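What follows is a set of structures for review.
After this come two complexes, each holding subunit A, first together with subunit B and then together with subunit C.
Up next is the complex of A and B:
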């Protein structure tokens, strides 16, 4: 049996469990200096900066303000230009004269130690001439609102419509129209390792070496080269062990340019490590959206159309273009047939931290709003939620299924494969749906309130354009894999070694996967959007197959046998049925490399056993899933207990189910945070009130239940291994599922949920309001 | 009361090694002392305000946040960090179980979970799942969703009980 599909324990772990991991803050170079950053304390102001006292402190080597930066390193590049965003605004590397959100970097201090740098930061005088700020998303688009960028005519930065069919006609025929205002509040990625950058000038190669925590080192290489005015071949970006990515480490930040600029200028190694407070108030956030949507249905609850608009809070700048709202807008129909669809994504500037993808990236919101509308339809038309979904799901024989509009990647959005009824059926069976409904009825009579929630979702995964993989068999028979998608904990070294071990019939331990170094491959896109497994994994498979063919060609010559008669077993090329006619991969490498100083022995093949492969998916593939939950809510305390949580996922063929289980449960932990706890709170003046982990709450061991996982496998036709990405499926449906379950539990009280996250206190208040409504109605 | 930058002597033992008369600034955290002065970078800083548990070390066998402890406060104590959990070159049963049960992904919070878990099993060799969850509720992991961490700790507890049972000839 091969290793593909095996629950292989990870090659990464031996170092990490022994305390031998090497993260960016663990790097030390001789003469290294440390940076601390002074950040804006107000949301909007003209500023004047006096750094004299800071510069005078012993141990301080330099102080940088915007004026000290080269012109090419003052504004971050727009990584996702989109014509709809007519006035994109990149964050300032250091604020020049004006600040637009609390936390915006203003001054960088360079000192012998972080302690001294922070001492000096306290001595920087920033004079704030405060201006009116706008924090509230809905107020920001009212006439007369203060403008975040005075040179941009309105805070409405863009309106992107996503349209198919004829919604007006569809709504005219509707038996019932569900209308909701649905709100998803701001959250954040919060990897346990904050961001950090170490940079130094490599004198002997004349190039800038940057160690950072990037998910996209090649994107950063380009940005750093442009900022420093260097050719790209004079910048190397390296990633050590990285303590979690969650999407927001895939963006370019001011410090990614600032630290190399300082290192170039001062000529010594420079380290900046973000502290948690900086991370909470200044690293990109996500999630804030307010939807005004309508769903038109027939008498049987069959969807005729969805229409409406939503507001997306971009924050003060647009470092990642309109990617997140676009992902929401194209993901709302999800697994359901929605023949008529018209939703406008309105992208709004506010005086808050810029927003950009966080694990899920616009899709949890899409799933939430669609499923909430369906639950309202079910409630009003008295159709069981499972039955209602059954009536609307895309059927297995309808793939490839075209949605009728354009996807994020510019192609016609087409689901490649899947089986939604099977996902739903498995989920319902696992929670014993019918029995649970009976139990619910019985318990209600005893004054106990359980509720069932379910949701299905799709996720566009494995985005293009390509990933490149280099692969070599070494003289000792070991295999080296070189790739461009760095790891933030996903276990790529293990999963990709499994693919190679299968193809080349070598032991798992003989494969070493190298990544996190822009010298390893020529080009790469990066690790995000559940793409590394699919795209890099496919390239790994192609490269290994190429080496296998090469081994047969060279081995066949050595064995004087036809390639078709050969097999690769236990690290040897053998003639089928004649195991004694065999040559090891090691000997093939030796022979094909020849002897030093002598002519190459097998000129027709060229030297060695090495190859490069690219995989370029035609478009993204779609992972799908169905989550079901049973909760109990105590209406006195409003405590929510998750009694059962079931995740049925279709990630196509899975390389390592152990790792993928971990992705699902971990993703679910974030989803639970998004449902109950995680919110970045601003006051009206733009101060962040959630600047510590005592205020910004994340799920703990006491909050994430034991999850039952099962897989449906419909292999993707879009890549050689039939894979679909698994990075975000655990997160996406959770707020929809748990909102539905809690609402269902409290159904006798008439509480409707249209806002995440919600706390027990929120439930208590809503329950009170529902009681008052009921009393007034009597 | 010493000034923050004033230097003081500390003497302590870390992972079985004695450090005599090490000079540290009064304000230096134990975490920075371990990481910067002793190069024990296995202890990680996740929040630096005592909320995430990544920096947990064992001071005289008790789990303590090394980000909220000053190095000078650890004077005269015996400290164990993630680098010193194993014995005789062999990893601790908890460490092995973390690998076996896929209880880590990025590995950044892992040292804090390992030290906290070792402290739990030294205090309570037979914890229930709820006791494991309660004990570890002060540590945040963003990757795993905790389930495999809980499984690993329970498995390590069983393994240690079995070993102890085999060693003494009495049931655990």
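Up next is the complex of A and C:
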């Protein structure tokens, strides 16, 4: 195939790099007003609001509190209802009488400019009658803890067990049981572009037009229509260029409903752009989980079972149900054979920002805890970490591999394809594992401490139920592709054009991919969970194949040839071996459309070259990967230097390795942040101490090393192009790999790592504790 | 993150600037590079009603060498410490420190004097000013005065600059002949404020005594602190364990604060490590080389 698999330079990049990207904040409409939101300054209180002074400020047009909203626009919809979560609580669009976390929206101000709106926000008097709050995840489930929702009997919102086999029997036979308390702290997605919404009532069509940064415009269309009491056909959601999604833009937020509500009420265009401070204190977070887990193994380190429970910090509401903890619970076994498994996911309310998927979505936690337990096993049983993993990996001839429990999508969790030993083998070869071990021993004698870490992971990608694609060949022979999965910068315009160019034998430049507009297709789910490439990409391929068949049918009639004798080359249908008997796609379109006023010439085909296709994957396809790292730790300053980082990924067949390399590199950046930097910190009273980028640290280009990337390809049998999703694999194993590497480097000091992210200062404290333990042991 | 309303004035002379300062006093804030001030305004943590922009005042953008030292005007950017070879040669300590301050973009606007006026206790330039014994020339309609670095830096984000005063320049002594300087720090990420930073000077008198050698540390409390070797070990010459002992002494003396990024104990350990290493490096840069 021609362009499939080619490192095609992204069609998007000219504009984006030259500053010609057009984002929601670039939209300007005559008479547009601006919104600022007043947010709670305390974690839990009954509130009274006085907006008189704000309303009186010149330039302020309106002030909205909960009471001013239509009843249908007061609570955000639950995007993922799950029966296990017996008391789901959707966030209030504006807090009505009570607040439950710092940052919760209370009042919306509408003014001539954002400056004035913020001036007015300062004038809103919120009287807080403070109530006891609970911030700490472990304290929240103690008896007597303040309740986040007094009408929910306990802060333990749900317990979801994931079980296979018989763990009690397995643990009874164990030669050794590794036990750990493993903690992952709260972080957040930090796209370059924050959230934003612009809405206006389109008088010409009598419908609400909403521009936002959504990963799920069709979900937003439904939510907005419901909130406004409009039929869905009277709402249009549009997404311009979007500067990164990271999962959190796949949810519905206050402003997604509020801005259209205000636009409808005031009858003028309304803009709200989230600033970075709002983003840090009020957009959904993720990752806080505390795990108490055990791994039972034989004398040889073969896993007999894993059991235990973990606490998931839901924050104050459950906008995405229990998706994240469920993903952790089903992903812990990862690439290893775990015949007996029983893990409870406990979902806990706290007075903090609600949590929802951020790139990786529960899987980095799963990978981290499993790999940390394995590293403990290896350490205690003195088995080399690479060898230990080799003994436990699912083998290539065991696919499709059933894990014995139900997946997040309700199907029997089954790995479709993969080759874990090959991934591990390639990773070890790339870091020259044996030579590195020798080097490590030698350097230790010189007082230098390098360490090697490795981890493997799986990622459920490309989930259902479907994506729809429309495709037309225009009168000039160019091809238009219409789809529902919007881009957050991933390069869909390029990748999907590559598929079309191959299938229809047209130049890459002749294909235009349109997305980010709910008028383009009838139905869509959205871009998240590494699914657009797999699901939409497959639908693109099917649509192109349909057009190709149609071209053969119509072209065959025009050329008076059998379809089987035809080929599609250089934009023309030709009779094989007789290149002069040829008709171009353009001519096929023209001919089949007929002449204005005359009857359609080829009635049997209907007019034109246009089609709609859907792809409905039977279940997830599983991407897999192995990352290895070599680090050096300076035990004096506790600084960690990444000397080498290797990522071997199996994303099945890859449309465009250049784009996928980028996904891996960017994913690694987040993973490094999750390991060393990215941490939302609350004080005991529930104030966020990391409200600017001075304190919420992300990995910069100085912290992300050059990563060596290689691919193993086991095509997925679940879609026509054999693809697997590539959006999160770069992130998932990183905390596990780097923790293992740092622990390995500090092995002579006996430091054990069971906590991410960790700073130099944390390492210093742990070194001190290890030293004390060693002294006491003597 | 939009500033509260303020009036803006851009005086064209020092006199005009001082007029504005005397008229508006506490209501006014001077703006140099804006790299610390603008974030404070945008977060509404500072709400001056008048911003006096000094970027159009002629003369303040120059530096010169006089008999007593280097005078750096209030508009000289941090970037000059990277780019201007002549300036770098006059203040080798600062020339080494500048790489740790923020990023090229912030250094292109941020001024040397502005950093010192902002008085962040982790700022590299405060450490340099304290170590080298800088002096500041302050001007106002009530009179001009010169304030030493020790008197200038009062507390975190607090200096001796009065509400009607403009810092016209900072004065730094010329390098001590034959001395070696070094600057080092540990921060969470490149370009972040240091968890601990250390500036060192190693110098010997005619008898080889190290008394005037000294270190200054930033990131350890409300302001940078200076320690003279002669106060710890008077008359000491080259003793093998001297720097290590002194480093330990310094680390035990300081009372660093804990924050989100580093504990007190970790900061102490960094201080001990950086002081010893910094003195070694500075010693290797003296005319006579390492001990």
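The working rule: the second predicted complex is superposed on the first by the 777 of 778 C-alpha atoms of A that agree within 3 Å, B and C clash if a C-alpha of one lies under 4 Å from a C-alpha of the other, contacts with A are read in each partner's own complex, and residues count from 1 in each chain.
Just so we're on the same page, a contact is a pair of C-beta atoms (placed from the backbone, for glycine too) under 8 Å apart; a residue touches a chain by one contact, two chains touch by 3 or more.
This one's a predicted model, so the numbers in the text were calculated from it and none came from an experiment.
When the two structures are aligned on the shared chain, A:759 is found in touch with subunit C, with no touch to subunit B. Using the contact criterion defined above for the overlaid structures, shared-chain residue A:307 touches neither subunit B nor subunit C, since it reaches no partner.
When the shared chain is aligned, subunit B comes close enough to touch A:241, but subunit C does not.
In the superposition on chain A, A:115 contacts both subunit B and subunit C. Between subunit B and subunit C, B contacts the larger number of subunit A residues. Touch criterion met: A:17 reaches subunit B, while subunit C stays clear of it. By the touch criterion stated above, A:665 is placed in contact with subunit B alone, subunit C being left untouched. In the superposition on chain A, contact is made by A:276 with both subunit B and subunit C. Of the two partner chains, neither subunit B nor subunit C is touched by A:724. When the two complexes are overlaid on their common chain A, residue A:702 makes contact with subunit B and with subunit C alike. Residue overlap on subunit A between its contacts with subunit B in one complex and with subunit C in the other: 115, 275-277, 692, 694, 699-700, 702. For subunit A in complex with subunit B, the touching residues are 9-10, 12-23, 25-26, 115, 190-194, 241-246, 275-277, 488-491, 658-659, 661-662, 665-670, 692-694, 698-702, 704, 706-707, 730.
Residues of subunit C that touch subunit A in their complex: 1-5, 39, 43-44, 186, 188-193, 195, 260-263, 265-266, 269-270, 273. Taken together, the subunit B residues at the contact with subunit A in this complex read 5, 25, 27-28, 35, 40-49, 51-52, 54, 81-83, 86, 91, 95-96, 98-100, 102, 104-111, 114, 132-134, 136-150. Residue ranges of subunit A in contact with subunit C, taken from their complex: 114-115, 118-119, 122, 275-277, 636-639, 677, 681, 689-690, 692, 694-695, 697, 699-700, 702-703, 759-761, 764-765, 768.
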